[in-house]
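Taking it in order: structure first as structure tokens, then the write-up.
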Amino acid sequence: MTSINALVTTTTKDNTMTMKFHGVIPPVVTPLTTDGDLDVPSYQKLIDRLIDQGVDGLFVLGSTSEVAFFDDEMRGRVLAEAKRIIDGRVPLLAGVIDTETLRVIRHIRQAEDIGVDAVVATAPFYAITGPTEIENHFRALHEATALPLFVYDIPVCVHVKVSVDLMMKLGREGVIAGCKDSSADDVSFRRLALANRAAGSPLALFTGHEVVVDGAFMSGADGVVPGLANVDATNYVAMYKAYREGDWERVRTEQDKAAELMEIVFAPQGVVGPAAGVGAFKTALQLLGVIETNTMTVPMPTLAGDNVERVAEVLRRVGELA
Amino acid sequence: MTSINALVTTTTKDNTMTMKFHGVIPPVVTPLTTDGDLDVPSYQKLIDRLIDQGVDGLFVLGSTSEVAFFDDEMRGRVLAEAKRIIDGRVPLLAGVIDTETLRVIRHIRQAEDIGVDAVVATAPFYAITGPTEIENHFRALHEATALPLFVYDIPVCVHVKVSVDLMMKLGREGVIAGCKDSSADDVSFRRLALANRAAGSPLALFTGHEVVVDGAFMSGADGVVPGLANVDATNYVAMYKAYREGDWERVRTEQDKAAELMEIVFAPQGVVGPAAGVGAFKTALQLLGVIETNTMTVPMPTLAGDNVERVAEVLRRVGELA
Amino acid sequence: MTSINALVTTTTKDNTMTMKFHGVIPPVVTPLTTDGDLDVPSYQKLIDRLIDQGVDGLFVLGSTSEVAFFDDEMRGRVLAEAKRIIDGRVPLLAGVIDTETLRVIRHIRQAEDIGVDAVVATAPFYAITGPTEIENHFRALHEATALPLFVYDIPVCVHVKVSVDLMMKLGREGVIAGCKDSSADDVSFRRLALANRAAGSPLALFTGHEVVVDGAFMSGADGVVPGLANVDATNYVAMYKAYREGDWERVRTEQDKAAELMEIVFAPQGVVGPAAGVGAFKTALQLLGVIETNTMTVPMPTLAGDNVERVAEVLRRVGELA
Amino acid sequence: MTSINALVTTTTKDNTMTMKFHGVIPPVVTPLTTDGDLDVPSYQKLIDRLIDQGVDGLFVLGSTSEVAFFDDEMRGRVLAEAKRIIDGRVPLLAGVIDTETLRVIRHIRQAEDIGVDAVVATAPFYAITGPTEIENHFRALHEATALPLFVYDIPVCVHVKVSVDLMMKLGREGVIAGCKDSSADDVSFRRLALANRAAGSPLALFTGHEVVVDGAFMSGADGVVPGLANVDATNYVAMYKAYREGDWERVRTEQDKAAELMEIVFAPQGVVGPAAGVGAFKTALQLLGVIETNTMTVPMPTLAGDNVERVAEVLRRVGELA
């Protein structure tokens, strides 16, 4: 075993690929057959539809993809199929989510073998973690790969927040290329955006919160990673275009429309977390005829009965469903 | 891929092996070389010493073993070496810690192949989880193996608590054989102990909290899983013996001695979580000449300088070190 | 004692005064003498300056006013002096913060006697509270007064969040006139704004987060309650004006300027909570010559030494101080 | 106004009265009439019964007394009636619960006027608080009164924990006379007990957790403040006596009996916090004929219907009710 501990140093590397990451980069849901296997034809339809709707990239094996529920073999399969289907039309970002550094590096190797354009890693989790561990972690990941490295800042899952100061330090030194902010902390995001601009914008900043993208754009975000775009990416594509053109009224209108559609995730009753959120995306996609089933991976319950009807009701209210 | 979703049913199985689990079952630290590899000679010395001190079993690949920091290959090596060294002298329990059901099942397979006596699994983590997911999870794990299954109740890491009601339901149906309670919720543990006794004691109940084992014994616990026993298991072995003999004053005296030694984990400054706790165990073991280095796995810092001296000071105060 | 329990019914009342609450309504800091008493001359200068800068109202006895630190006598004095100084130039909203319903009603009586224009109450705190208690609480407060009642949604202090559904239910029935959202949950705020609009805008919605007011305006907020405006309200007044005129680029520019000034609250080291935040506001006001001292109420430490210099440094960087 | 800020110094005072506080000191529930007023005859019966059952003191105006729900006038009345009824038979400890220092001091004055034997104060709450504030707070309270001061360590209500180090520092300097530990952190309690003993036992240590008093006694606690004792104090009195006599089997048996009775607080459905816990105590007392009604203060719901029956069922199961 090569020593990984030795890798925790502060060398800086070139991140010239960074600039291509911007705009709308949905985290892709993973369509499953009823017995929990990957449904490749549905996956093909879903990805083709997203690219047709004009997205700027695709993020595979994030929380929305049920990454934490899949074993390594399934993760590899999902990523390889995405790579094959996308076929270079847009950049492919791969989640490399796992508890701690050495486990994440294994996923980075898998992603490199498949040929992705960037990797996205969370702060370490499960064990209680201080700022030293978080910094060591991202430095070790960066040392382990030539791929652009994005921070996936998601305290609701990993129970720590990557501070603005650490994010900027890692950005200025070229350790990370950007972040997907799913922290639900818009105050921190604004501070990060200001600090990033003051430092010459070393980081590409993405928000993961579907209903407040306009606020993130006001902050100067480079893009958005909206799970809701699986259901319909057109609002987000239009919103991003309007943002680039300075048409803020359009940004706001598109955001309001997307926020109304987002009510599908609050519609199900008696379910929580991805079983509700990703479950609603899958249920909507099934109702829209894009994917075959709304099956969720064990141990999550799959939305059924009244909960399917509640999602359908929202879709009808906003005109997505007749 | 065989459908795992189909496994989430409520079949009950026989758990007749359960009764052999009781007493002092330390979670074994994993000695490392300075470059982060497994230090097999130190591991041999540590395990032999624990068995010589009279422990009733060994728990490998729990939090104290740095399980979340190791990749699968390392996990397999640690477990296989433990199996080889123990050589049937005491039962071997294996942690199968991972985010969600399908990933945990992969670790169960590895543990089965190596030949362990029981597996220990946490509630699912990373994704937000409700009671349905927790119940489905343990049922699916039980369906996947004939080994006794223990619940590792550790909210500080997985951010959910397994309720007394669910624990008892799974116990009465034979889904789980017992639990290691690291919930720091002694009120809940008392309620669990009472409910378990009322139900005919289907569960073997272990506490994971080193300094309140006497209270757990007053509650009727079957045993203890003390990380501190790596440094010295004699207090715990004596405490358990006194408990079985009804010698409560001895229980209390031994507990006080162990609690004084436990101050090593509060001694280090500027470090948190396992870097402090497991770090203190390893540092003490190194100072006592049991293992070669106190190296921790990336991204954790290894205790050094004044922090080593702070641990040594506690060891001298309680007479472990001259 | 009149029975208050009997008051917990669902009667609706008219809230026609609501419409006058909009725009920039700063929560006013309470200037103190070095021995902790109210510094009336400084208070006069501060309030006059805020009104001169064009604010639309003033919120007294909120968290920024150190309300939780004052005894009832001091609270009465602060409110009465504010009433006297404002002298009808802008509306006066009074915080009636206390643990539970009957205590809050006492503060409402005091506020009524002094003659305020609206009262602002948090969800109940200290005791563990469910949704039933929160709903009963606001209904009882509304029954107890003819004044418009605002919800102060501040989970960081009261450790519960008022849900969108409850907020809308109370709004539609006329129980509450609006809310000050200090929940740091912009997703929830967007949902509230959409639901409020769909219901005919029964609620006046204010954000309490100084650096993301532009996002709140994109959501359709009616105004802002910015603690930072104590130091300088001109950015917020200009931002609100630009918002009403649809000049989003101006909104964004003003917001960025305000966000840069807000760095004063992150500048102090070794202090937390209002000792840092309100302490920074007071220190800045003292440096700007508006108030005499930056004294904080016991048990908070007052910013001193390097921490004063850190605040001054930010003020100089943004051009507030020469 | 006298300057309180000036009081925050470190003077030590004599706490020779401390030694009389030990044993079973129940936090007394406050019986109410159906319209929410104090029910004096029921209060008399309840207090007389507790003293007859052999308690060593009474704690009035703690969480169990619904202190946070009463206005100051009601608080004064409850305390004065308790003083009158107790009539010197046992020591009277008064809760002086409020958000911050100056407000707590007002309650201390009221308690002094009524003539209590000790005051019990929490760490400051509502505002975000660091260790400096907590230390300043207790020092200022001590400076303000000659009465013995107890720390009420209750993170579930005030959302901070008083650290072992601070508790010992304040104890060694005579600032505090002891603590009621309702922190649900038995590990910390053990560490506190050991540190206290090593320092010559300056603190009187009480646990507030009804079902793990035996563990607290193993740690060396001086007594217990059990809300459940309102329903029946005999188990706790017997447990404390057995503890003093070293009869640990009796301690354990009495604890198990008390723990079974404690299930009344987990029996109600659809209610949380004191509405469930204190509500269950009151409901049991009403069923046992000790108090007239089980009315809870607004905004809490009073237990009714099936929830009353669920409490009765537990009472019958353990033989308290025929």
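Chains here go by letter, A, B, C and D, matching the order in which they are written, and residues are numbered from 1 within each.
Throughout what follows, a residue touches a chain if its C-beta (ideal position, glycine included) is under 8 Å from a C-beta of that chain, and two chains touch if they have at least 3 such contacts.
To keep track of the chains, here are their UniProt names: A, B, C, D = Dihydrodipicolinate synthase family protein.
Note that this is a predicted model, so its numbers are computed, not measured.
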Under the touch definition above, the chains in contact with both subunit B and subunit C are A, D
Neighbours of subunit D that also touch subunit C are none
Chain centres computed over CA atoms; the one at greatest distance from subunit B is chain C
For the C-alpha superposition of subunit A onto subunit B, the rotation angle in degrees, rounded to the nearest 5, equals 180
When centres are defined as mean Cα positions, the distance from subunit A to subunit C in whole Å is 35
Per the C-alpha centroid definition, the whole-Å distance linking subunit A and subunit D comes out as 49
Where subunit C touches two or more other chains at once, the residues are none
Contact graph of the chains (line, ring, star, complete, other): ring
Checked against the stated definition, the touching pairs are A-B, A-C, B-D, C-D
Given the complex, residues on subunit D that touch subunit B span 184-187, 190-191, 194, 209, 211-212, 214-216, 218-219, 246, 248-249, 251-252, 255-256, 259-260, 263, 266
The residues of subunit D that touch subunit C in their complex are 1, 3-8, 34-37, 63, 68-72, 74, 97-103, 105-106, 124-130, 132-137, 140, 156-159, 271-275, 295, 297-301
